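In the two complexes below, chain A is the common chain; its partner is chain B in one and chain C in the other.
Coming up: the complex of A and B.
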């Protein structure tokens, strides 16, 4: 059982429903905020050997997608192997509005969220009849259909299967080229990532979020107590895809391109892995999982290259896969409930100290 | 109110921090010159990507032993991207951050998605993709293609088929299902139309599982007697093997990424016999002056040209062309992307007969480095010359 702080009393409903209720929680938030504000300076300054701003920026984008998928898999219990496809839809929608219709970027990003959510709700319909592995296979179809359309519809492409997006400009402001551009992007992406995490945290505390969890835990019982299972499942697919659409749109703008070759089945599986490694049914877990799955392979590669030098280059990718695979296996053996659970246990250890429980 | 003031404070802090964002510094000192290498060592095209990459590293090692460029060493940043285009963007960003003055890329998909970045950053970029869209400086001013484009190779292949068939013939184009595989398809069809060749062309995307029997059966049922392959060696060798197993009478014409010794060895000399390669790069057994340096370097490490294969010299000379551009730019006093681009466009670069017709030349109007290609036929497990210096 997780430890909870004692001696906190509330004098209003407002205080009781607050996201953060104790001084320790506020202090932790302040620490995180300080870290996030200092991160770009650290990545270009003292920690530039380990951290790279362009990698951190991708983590911020991926976090948004992972939060969305955790709402679907972790909170609603619906497995999806189509998340990569929905990112692709978001990327191309944003690209079409920005590049083809010449509309402002925020309009395109908003349209990407709405359109991807609608499409997600549509592709989520099989969830009304299918469960578990059967649903996973059905969502595989959405992945395949989306990638097929995106690779065959030549109006979308500038060269090959790629749509190029020119550097982001909003009103009179244009993102700088090279290093300074990554720096500016960090702040934009940070705002989106923080808002997404905040939205996710609050969603799962709302009646909608609780209906998701009821469906996950026992859908028949949920229906018996008056939860509209159909609505919960379709809403969950829509919300999850909406997050994917946002992540895809930002991905396209940040990377300067949209192409189906980026959002293949492996990407979908990577997102499922993020959610599992981070911790199912935890928004914080989605953040940890995304950071872990995106940054650790990079760090392993870096370490291997440092050890071996350029003579090693051709061995590094294979060694990296072995190390990373081993790491995930050890994880699943020692803490199948993910990184979030490890953090909970660490907190419990200090709370109960000097007692074990 | 509280939230608003907190938001305002963090925005102010963010702006203050972005004021100290790093600036770009020029690479004009006496230290090493940094070049980035995006390689496929573990992905779908790793069979040819690995020797090509080793050739580049070999050239850099050789050049550094010779004293580098005007006394400055070349520092190679090399990493694998597993043929996943988005990974190439991460590597590109990393190389730029580390101060790379020029970058060697790999595939068509990733070279395409880097388009905006390359143009914005003004970074001379060579790829192992010979996509026709890369040779036009009006849209891709910093991309350079050393070899005849895939479209040119396809045109040469179709011309040869029309001549070899001596009349009407069915041609199946088997291609990798990606931007790389699709690159020459439209131009090939247009060429048949334009030249009035008596060929009926059908495109077939190749399956990823290595079993080509179904594909070959379909092509055979449509009366195809020639198979042009735009893919890498291993899947192309599977086509040759399945073709021999099925006892079908069809001739394979490999474009440059599958016309090599890997194809012959993987398919086996018997299955490879009689098939044709459109290959702009000189094979190891050819007697051209350009291969002498490579052979000597390899000899010092206990290897031969045959050990490392055709793509090694291809990587070696692609790196050589870039190094010559850097050398000329350095002589002119600047290592900016603009300077290297102009240096590459200024005069032809000699490759001792290894690439295309022998020299690679770029101009401000065209980044098509060469257009001559060799045609080879597999005889007794060896590449034998049918014709050299063929242009469409």
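Coming up: the complex of A and C.
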């Protein structure tokens, strides 16, 4: 349990319900905001050895997917190994609306969210009967079906199994190619990511989010207080898939293509790992987990190439897997509640300093 | 002016005091070969504290689970009488799902505490308000506006229950970390937040020390006498039952062996035999 601060009193429900309630919390938010504003300059300037803007942009996209998955796994207690599949649906839906129907990109992105949410609700139906490992296997089926359809349906494909999306154009504005494009994308993706995190954070402090947590903690008691457990589970699948749909749509637009290869089972597992490493049942944890799991492999690759030189290129993928696996194992052993918990503990440490507790 | 008077009604049943509220008729429940309940019938009246007693394994909890829809009896009817806007009606609970029964205002606590362990006392109690709240995903994501307004409106109700049960000190504590007696009280509070038309309590005082028992008995009496909530209570402590209940139904091996006022029950030979053992 995190320490609760003493000496902080509230005189209205409004003040108490706020996400940031103390000066320190506002100061921290300002710091984060400043960092996010400076990040593209840092990534193209002093930090370009370690951080690249396109990696950061991808992090912003996967953050959205991870927030969605944490609502499902961390808050509702329903495991899913099909999250990658739902990103795939979002990617192709956005692509179809943009390339095949020639509709404006925002329309396609919106459609991707809605359609993926609906499909997620449908594929979430097994959750009404199954729990735990059995549910995981059932969601595996949805993953397989989606990838199968996406790779067999040739109308979707421009070459191979890939659909190409032309550069994002909204009204008169068109995204620049390459370098400058990364900058522009950064701001677009940042807005989407921040709004998604905020929406997730709000959802879990509202009555809907609370009913999800009730189902997670004690589904019989949840039913006994009037929660329609069936509805809550299906809703959670829909919400989670909606986030996945958005992430997938942005992914397709950003990368300029949609292909089932990107969204295979490994991607789904990566998302589950993000949620676990970040911290189950924490929206902030989803952000930490997404950033960590996406950036660490890149950093490991860089470090290995620095140490071993270019003749290591062929070994890097394997070594990277080993390092990565080790890292996750250490996490599960030493901090199963994830990065979010580590952050809480750090805060407690400074709050109590110089005392230990 | 600040007043300490409670603004909210806890009782949501429109049935007049003394009128039938719950009719259990011919309920039989089997688990494979085990007959947990056989042909159980009794009537409960509005405004009563109606106790269900009996030895271990008599089927008391099973009876409660049938009322709240967690178990479905193979035979029999369980009718909840309602009065809405002057309209008299009744609903058969046997065919309903637990969450539908909860929406009728049937609230309950469990023999083995079933709280939402990772959530705070406040969140647990707010969940008690679930049936009175709207659950819109988009409004929740936006928060400002309807979602927040609804939150504060129900918070006022919850604060009243916190006040009534003296849970102020624990408001923000995660329930999993609380002492057993406090957890029992939180669970009772969560049921009150439903604004019950019928409150089912499965051994609310089990495992408590004398002092905690007295507190709990006081709360149950307050809720019943001052706020008009009808209570169906299972309890093993006979002295408590004799003191607080207005009507008692006795179960033994799934059958009703006695039904009446505490004085009648105290003189019932079958009941005495069931409790003291049959020596012949």
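FYI, the second predicted complex is superposed on the first by the 357 of 357 C-alpha atoms of A that agree within 3 Å, B and C clash if a C-alpha of one lies under 4 Å from a C-alpha of the other, contacts with A are read in each partner's own complex, and residues count from 1 in each chain.
Everything that follows uses one rule, which is that a contact is a pair of C-beta atoms (placed from the backbone, for glycine too) under 8 Å apart; a residue touches a chain by one contact, two chains touch by 3 or more.
Here the structure is a predicted model, which is why all the values come from computation and not from measurement.
Room for both chain B and chain C is found when the two structures are superposed via chain A, with no clash between them.
Using the contact criterion defined above for the overlaid structures, shared-chain residue A:37 touches chain B, although it does not reach chain C. By the touch criterion stated above, A:220 is placed in contact with chain C alone, chain B being left untouched. Using the contact criterion defined above for the overlaid structures, shared-chain residue A:208 touches chain C, although it does not reach chain B. Partner contacting the larger number of chain A residues, of chain B and chain C: B. Of the two partner chains placed by the overlay, neither chain B nor chain C lies in contact with A:335.
Of the two partner chains placed by superposition, only chain B is touched by A:259; chain C is not. Of the two partner chains, neither chain B nor chain C is touched by A:348. After superposing both complexes on chain A, the closest C-alpha pair between chain B and chain C lies 12 Å apart.
On chain A, the surface touched by chain B in one complex and the surface touched by chain C in the other have no residue in common. On the chain A side of its complex with chain B, the touching residues are 33, 37, 40-41, 44, 52, 54-55, 58, 158-162, 164-167, 176-180, 182-184, 187, 255-257, 259, 261-262, 266, 298, 301, 305, 310, 313-314, 316-318, 321. For chain B in complex with chain A, the residues that touch the partner chain are 10, 13-14, 17-18, 20-24, 39, 41-42, 50, 53-54, 57, 76, 78-80, 82, 84-86, 89-90, 93-94, 96-97, 108-109, 112-117, 120-121, 131, 133, 178-179, 182-183.
For chain A in complex with chain C, the residues that touch the partner chain are 1, 4, 13-14, 17, 199-200, 202-203, 205-211, 213-214, 216-218, 220-229, 235, 239, 281.
Touching chain A in their complex are the following residues of chain C: 68-70, 97-99, 102-103, 107-108, 110, 114-119, 123, 126-128, 130-131, 133-137, 139-143, 147-148, 150-152, 155, 172, 174, 177, 190-191, 194.
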